[in-house]
Structures are given as structure tokens and as C-alpha cells.
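One chain, chain A, links the two complexes that follow: it is found with chain B in the first and with chain C in the second.
What follows is the complex of A and B.
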């Protein structure tokens, strides 16, 4: 079978750079990582220098996703040889047990790490992930809340908690988590936009107005965020259509909705190459919503 | 009358599920709008000719769902389709019950189509060979969602659906499947999936 590098005419450096980009963006495209990474480590390991170890880790985790226990073990064994007492590698051993659904063993493993190092956040978070994998949302939420009391700056944890709350339809608590994230990351348009979505879902006039404001804020931070643009249109339209608002509020929101609709039309016209899609996007937002 | 699935609808549901194995996914099922109504009020089974993959990951937020429903509704009117059902694959592979989100969306669909169905994909049985149908169909009876036994009758042509779905899974076509989330990330991504539709046609 032809190798990837032969099929796509890429050199090992490009493959290495691709893996780095996927690491930095935290992508979970595991099949691709396995394809590229497996070839890279089997044919070019010696050229990778110290990068090889982080690549072993990345490929190992991707291999677990793809049920490639053979590849995962190969990577794990190389890492164990190189870093025999490392807690980071021990965590990977635990993750392999999780992938094999041997949760009790995995938990024992993480408990052993925590015995030696009670501040090991990775092991604690893996234990919480096991609860989520087992469908034990209530326990996962409780453990994650306890974790965050100690490690209040862990953004990944706050985001995970917001997701868990959204899945349980506890939008108020999800909003609280996103507020924490927005406070510490005021320029992150994604957190603003997600917060707005949660507020919109909660419903009620106050929440709708907050949603509209935060969709607008997300747009200010990134004017290409289509979710924020659509969200602004939807929330302004709903507010304008409500019989409970004053004439001024109605007028203002009609203006906001009209502006958003025009921006959406423009976005579709500029991005799209086919006429039919343009038509669908344009048609909808040319007619008034209410 | 109960819904029936074409190969195109079935395979795109499974491709969507396969593309995001670690996430919940959902989407809408559409049928061609027919004007004919027999005198006794009964018509044949409703044939779902296509599906539109919606979201992956967090399914329980309202605004983008409303946007999707509105845009897809417009697309349906242009193509003489009607939204007749909703599909979902849960994050937990062992759990294939319709949850609150599924029931809410299906209730919304029922406003325009009284016999809306929920199709749950059982991702624990997803295989490359697709040797058996892995969907559960739920119909609304007396205010409850009741599961219906799925046989090959639930398909327009099961052996064709099986052959095509298997071929596309093996060929990793799911990498090119576009859902509404992908569309919101980049408007050029076409949620009608013309490329995959063409592959399905070629394999028929």
C-alpha cells in the first residue's frame, strides 16, 4: 500500500508540522492523526529530535480513539522507556485502561498518582471524565464543582462544566460557568457567543435582551462570527415581536434585526459561489420576520 | 402512517454519526410533499427521501436550532419537501432513548406534520458492514413516544441502503459530510451535501 507521503507528495517535515498544528488547535481528528503520525514515527522517528515524545503522546491518544490498541501500546512503551517515573506517562496508561472500558482499574491507577501527588490536576480530571463516560452526570458535576473550588483558574474545567450543565438543561448554572470564562477571557468571542446562546435558551424578556447584547459583543470581537450574527437577528426579532415592549424598544430592535439581516445577506453573497444557496439565504432575510 | 427511509436518508444519518463518534449528533428528515389525500384519510407510508444533518456536540441550545429550522423550512418549500422527522444519536453509545431535546424538536415538527417520527441511531451497533439496520423509530401515540420494531420494511430498499452505506463508511465519506454546524463555521459548506448525494446516486 502506498504511504501517505507517496500518495500526497508530502515530506516528513510537513507531516510533523501538520501534527503540531492539530496539537495547538486541540483537534480531535483522530483517524488523520493516526494516519500521519503512524507513518511519521515508523519511518522518520530519528529525524524528529525531542519532538518525537510529544508526538508519541499525541498519536497514542488518537490511537485510543480509533481502537488501535497495538499502536497505542507501541507509543506508550516508548514513552515508558524514556520517562519511567513520569506521572504524565502514568496518566496515559490510565487513559488506555479507560479506552478499554476498564474503569475500575483506571480509577485505581489515578488514585495511585494522587496518593503520590495530591495536586495532580490531570489525574483528577481523568477521574471526572470517567464519570462522564459512564453517564454519571450528577456525580461528574459534583466532582467538577469541587475541583473548581480548588483550581478556580482552570478554563478547560469551567468549559466542561458549562457543557455538562447545558446537557442537563440547567442553563442558569451553565451561564455562571460561561460568565467566569468571559471574565478571565474578555476578548474571546466564542465564550460571549455561547453565553448569549444560553441566555436565549433560558428565555424571558430580560434574558433575550442580555442575549442580544452578548451576541452584539461577540460580533464586535469578531465580525465574522456567523452564530453571533444570526443570534443577534433572532433575539432582536423576538424582542421586537413581543407585545410587552415599549414602542421605543420595538423600534430599536427592528433596526438591529434589519441591520443583522443585511449583514447576513451580504455574508451569503460574498461567501457563496452557487446561486441557489445565495437565494435561500437571501430570500429568508429579505422578508420581515414578524 | 409510519415513515420509511431511502438509502440516501439512511446513509447520511449514519455518516453523520460516524463523523463525530465522540459527540451527540442530530438532524432532520424530509419527505416529498404530496397533495393527494385518499378519501378515507389514509395514505401510504411517508418516504423520507433525504435528511439534513444539524449539529454535533451540544444539542440543547435554542438559537441555532431555530435558525436551522427556518432556513431548512425555506429550502423545503423551494424543493417541495416537508420536514417529517428528527434523528439523533446520543453521546452515550449505550443509550438510545429519545431525550428532552429530541421530544421538543419532534413536537415542533408535529405542528406542521402530525405524524412526525423520532429516529434514534444506535451507535453501539455501528459497523462497516451495516449488516443490520441500527435505527429505532418512535411514533407519537396518545401523548407518548412509542418505539416501533424496525424491519427491512422501514426501508425503501434495505439491501441497497446497506450496500451504499457500507461503501461510503469504508471509503470514509463521512469526512466530507457537512452539517449545519459546519455551515455556520464556514458559509461555503453546503448542508445539502450535493457531493455525497451524487456518490449515493452513483452507487445505486
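What follows is the complex of A and C.
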């Protein structure tokens, strides 16, 4: 089988740079990482210098995603040889055990890390993900709450908690978590949109109003958020259709819904037309492999 | 400008000025690596980390509270500031004053700091003073008063010599502070060869992640949060949004990831 570098005519430096870009953007394209990374470490490990260790870590996590335990074990052994006492490597060992579903051993690993270093957030978060993987949502929620009491600033954790609450249909608490995220990231349109959706699902006149406002805010932050546009239309029409509202509110919401509908039509008519023209002009295969 | 213009031997420039620059520079680089080897890991206290994050959250609430609904803002403000149950009122941390004499970790840190920074400076300064004594090195470009003479002209007892002419020891000290920017260029920011920063740290007291008294920090945060009002940023968001058509710019294009 031809190697990647022959197939796509890329050198090892380009492969390394691609890996770095994925690492910085936090992409989860595990299969691509495994392909590129495996070739890089088997053929060019000596040329990478000190970069090789972080590439080992990146490839190992991607390998666990693709259930390539052989590759994961190789990477882990190299890292263990180089950094025998590192907590970071111990966490990777625990992650491998999690991937093999040996949850009790993984838990023991993480407990050992936490005994040495109580402020280690990574180990705590792994323990919570074990609970989640085992399907114990209520315990995961409880542990995550305790974790967040101590580390109030951890945004990843707030997002995870909001997801857990949504799964449990506890929309009020999910909204609280999303509010934390909105405060720390006021310009992120996705959090506004998710918050609006939660409010819309909760239902009730006040929540619908809030939902409409936050859909509008998401649109203001990013004009291209189609989902928010639809959400705006739905919440406005829902309010307008409700029998209990005053005439003025009804009129306003009808106006909003009409505006949203007009924008949707405009998007699909004009933009889709230009896009189809582009496609038929032969630009279909413009995207490269990566 | 009073005083004669002296003509210095050019070998002074070659054999004194430049060597002092190199010596100072390399000693600084050496100091950086030695202090890295000797440095101990700073153990973070869980409570300190937790407190600093709480303060951060409260600050974020003050600054960005206008993006969340009024109800939620007041709920959080109540959580922090309520007279009986508020976090800032309720939580009192036990403050152990860190006495530098008895606290062992701080003592060893201080000793290491002294060893790597002050000692080489004294040693090298003294050696330079001894080795390169008896002549002036250079002239500082600005006039100095007579009071600087004994300080800057060690070993030269000429009464009529202008105070602007300085000896090697003063050139050495000039280098120590002047090469700071060179160090950050070569060793990256936050390097241990940066002496003046170390001295600044020593002057401001314990340079830890949290101010030594979390209670004071809580109190000031409480006051700051009390005065904040909620100005909802989304009051008229629909009107602002619908003032113009949305810009879809290539929303369905193939290159849009």
C-alpha cells in the first residue's frame, strides 16, 4: 500500500505542520490523525526532535478513538520510557484502560494521581467521563457539580454539565450552565443559540420571549447562523399565535416572523443560486484531501 | 562643558569594554540555566486555585453580566453578595501569615534566589573592579555632578576629572541592567537572568498566584459587585438586527467549512 506521502506528494514537514494545526484547532478527525501520525512516527521519528513526544500523545488519543490499541500501546510505551513519573502520561494510561473498558483499573490510576496532586483537573475530569461512559448520568452530574464548585472557571466542564442536564431534560439547570458560558464568551454566537433553544424547549411566554431575543443576538453576532434564523421565526410565530398576548405584542411578533421568513427566502433563493452556479462551473472538487 | 576632552587608548575599547559586555552577558545566561536547574516546583494549594477562580467569575459577572437575563444576573449577585448567605460574606479563609524566617519553603527559595543572583553580581563586580582598575573606560553622554565621582570613579583619584568619565565597575553595572532586553530576546520572556524583575518581586512581597489575604480580596470584590447594575444588552436587539438585511456572504458555498 502506497504511503500517504507518496499518494499526496507531501513531505514530512508538511505532515508535521498539519498535525500541529489540528492540535491547535482541537480537531477531532481521528482517522486522519492516525493515518498521518502513524506514518510520521514510523518513518520520520528521528527528524522530529522534541516534537515527537507531543505527536505521540496526539496520535495515541486518536488511536484510542479508532480502537487501534496496538498503535496506542506503542505510543504509550515510548512516552512512559521517556517520562516515567509524569502525571500527564499516567492520565494517558488511564485513558487507554478506559478505551478497553477496564474502568475500575482506570479509576485506580486516576485516584493515585489525585492523591499526589489534588489540583490535577485532568484526572478528575476523566473520572467523570468514566461515569458518563458507564451511563451513570446522575452520579456524573453530581460529581461534575462538586468539581465545578471548586473549579468555577472551567468552561469545558460547564458545557459538559449543560449537555448532561439537557439529556436529563432538566432545562432550567442547563440554562444556568449556558448562562455561565455566555458570560465568559459574550461574542460566541453558538452559546447564545444553544441557550435560546433551551429556553424555547422550556416553553412558557417569558421563556419564548427570551428565546426570541437570544436567537436575534446569535444572528447579530453571526449573520450566517441559519439555525438561529429559523429559531427566530419559530419563536416569534409561536408568540404571535398564542391567544394570551396583547395586540401590540402580537403585531410586533408577526412583524419579526415576517422579516425572518423574508430573510430565509432570500438566503435560499439568491445564495443557493450562486452556489449552484459555482458547482456546475466545475468547482465541485476544489477541496483537497485535508 | 568643563573639563578637557580625553583621548582614550583604543586598546581600552578592545580589551576592556567589549570583554565586560561579554562577561556580563554570559554570566547572565549561565545564571538563567542554573536557576532553572535549582528551581523547585511551586505546589499549588487547592483552596487558592479555587478562590482565584471564584474571584475571576465574580469579575466576569460584573463585566459581562449584561449579556444574561436580569433574573439570572440577580440570582448570581445574590449568591455572592447576600448579607447572610452570600459567598463573600460567608466564607472567611484562615490566613496564615507567611513569616519568611520560619516558613521553610520560602526560606530555601530566598536563599536560592540570593545565591544565583546577588552572589555572582558581587563576585564579578569585585573582580572587575580589581582587574580593570586605575583607568577610565568611557564617558557617559550626560553631565554628572561631583557627588557621583567617588561612586563611578573607583580607584582614580583625580580631583579635576569630569564626573562623566566612569570606571569599569560602573560600566559593568550599566551592562547588567542594559542587557535585560537582550536576555528576553534570546531566552524568551520570563527568564531568570532578568535581575531587576527579581528585585521587584522581592520588594512587592510574596509573589504568589493569590494575594496573601483572600479575605481582603473578597471584601473588595463584594464592594465592587454591590454597585453594579444590570443594563441588559438585549433590550432592543430585534430592532438593531432588523435594521438591515442579513449578510449571507457565501453561506452555501463549497469552500465554506
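Basically, the second predicted complex is superposed on the first by the 268 of 290 C-alpha atoms of A that agree within 3 Å, B and C clash if a C-alpha of one lies under 4 Å from a C-alpha of the other, contacts with A are read in each partner's own complex, and residues count from 1 in each chain.
Note that in this section contacts are C-beta pairs under 8 Å (C-beta built on N, C-alpha and C of every residue); 3 or more make two chains touch, one makes a residue touch a chain.
Bear in mind that the values here come from a model prediction, so they are computed numbers and not experimental data.
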Based on the superposed arrangement, let me know which partner A:31 touches: chain B (first), chain C (second), both, or neither? first
Is A:256 touching anything from chain B or chain C once the two structures are fitted on A? First, second, both or neither. second
Contacts of A:152 with chain B and chain C, given as first, second, both or neither: second
For A:167, select first, second, both or neither according to whether it touches chain B, chain C, the two together, or no partner. first
Counting only touches as set out at the top, which of chain B and chain C does A:119 meet: first, second, both, neither? second
Between chain B (first) and chain C (second), which does A:226 come into contact with in this model arrangement: first, second, both, or neither? both
In the overlay, answer first, second, both or neither for which of chain B and chain C A:271 touches. both
Applying the document's definition of touching, compare chain B and chain C: which contacts more of chain A? C
Considering only touches as defined above, state whether A:210 meets chain B (first), chain C (second), both or neither. second
By the touch definition above, which chain A residues appear in both interfaces, chain B in one complex and chain C in the other? 226, 267, 271-272, 274, 279, 283-284
Across the complex, what residues on chain A touch chain B? 28, 31, 65, 135, 163, 166-167, 169, 196-198, 200-201, 203, 211, 226-227, 230-231, 234-235, 267-268, 271-274, 277, 279-281, 283-284
Of chain B, residues touching chain A in the complex: 21-22, 58, 60-64, 66-67, 70-71, 74-75, 78, 91-92, 94-95, 100, 172, 175, 184-188, 190
Given the complex with chain A, which residues does chain C contribute to the contact? 44-46, 49-50, 53-54, 56-57, 60-61, 64-65, 67-69, 72, 233-234, 237-238, 240-242, 245-255
Report the residues of chain A in contact with chain C in the complex, numbered from low to high. 118-119, 150-154, 175-176, 179-180, 182-184, 186, 210, 212-214, 216-217, 219-220, 223-224, 226, 229, 256, 259, 263, 266-267, 270-272, 274-275, 278-279, 283-284, 286-287
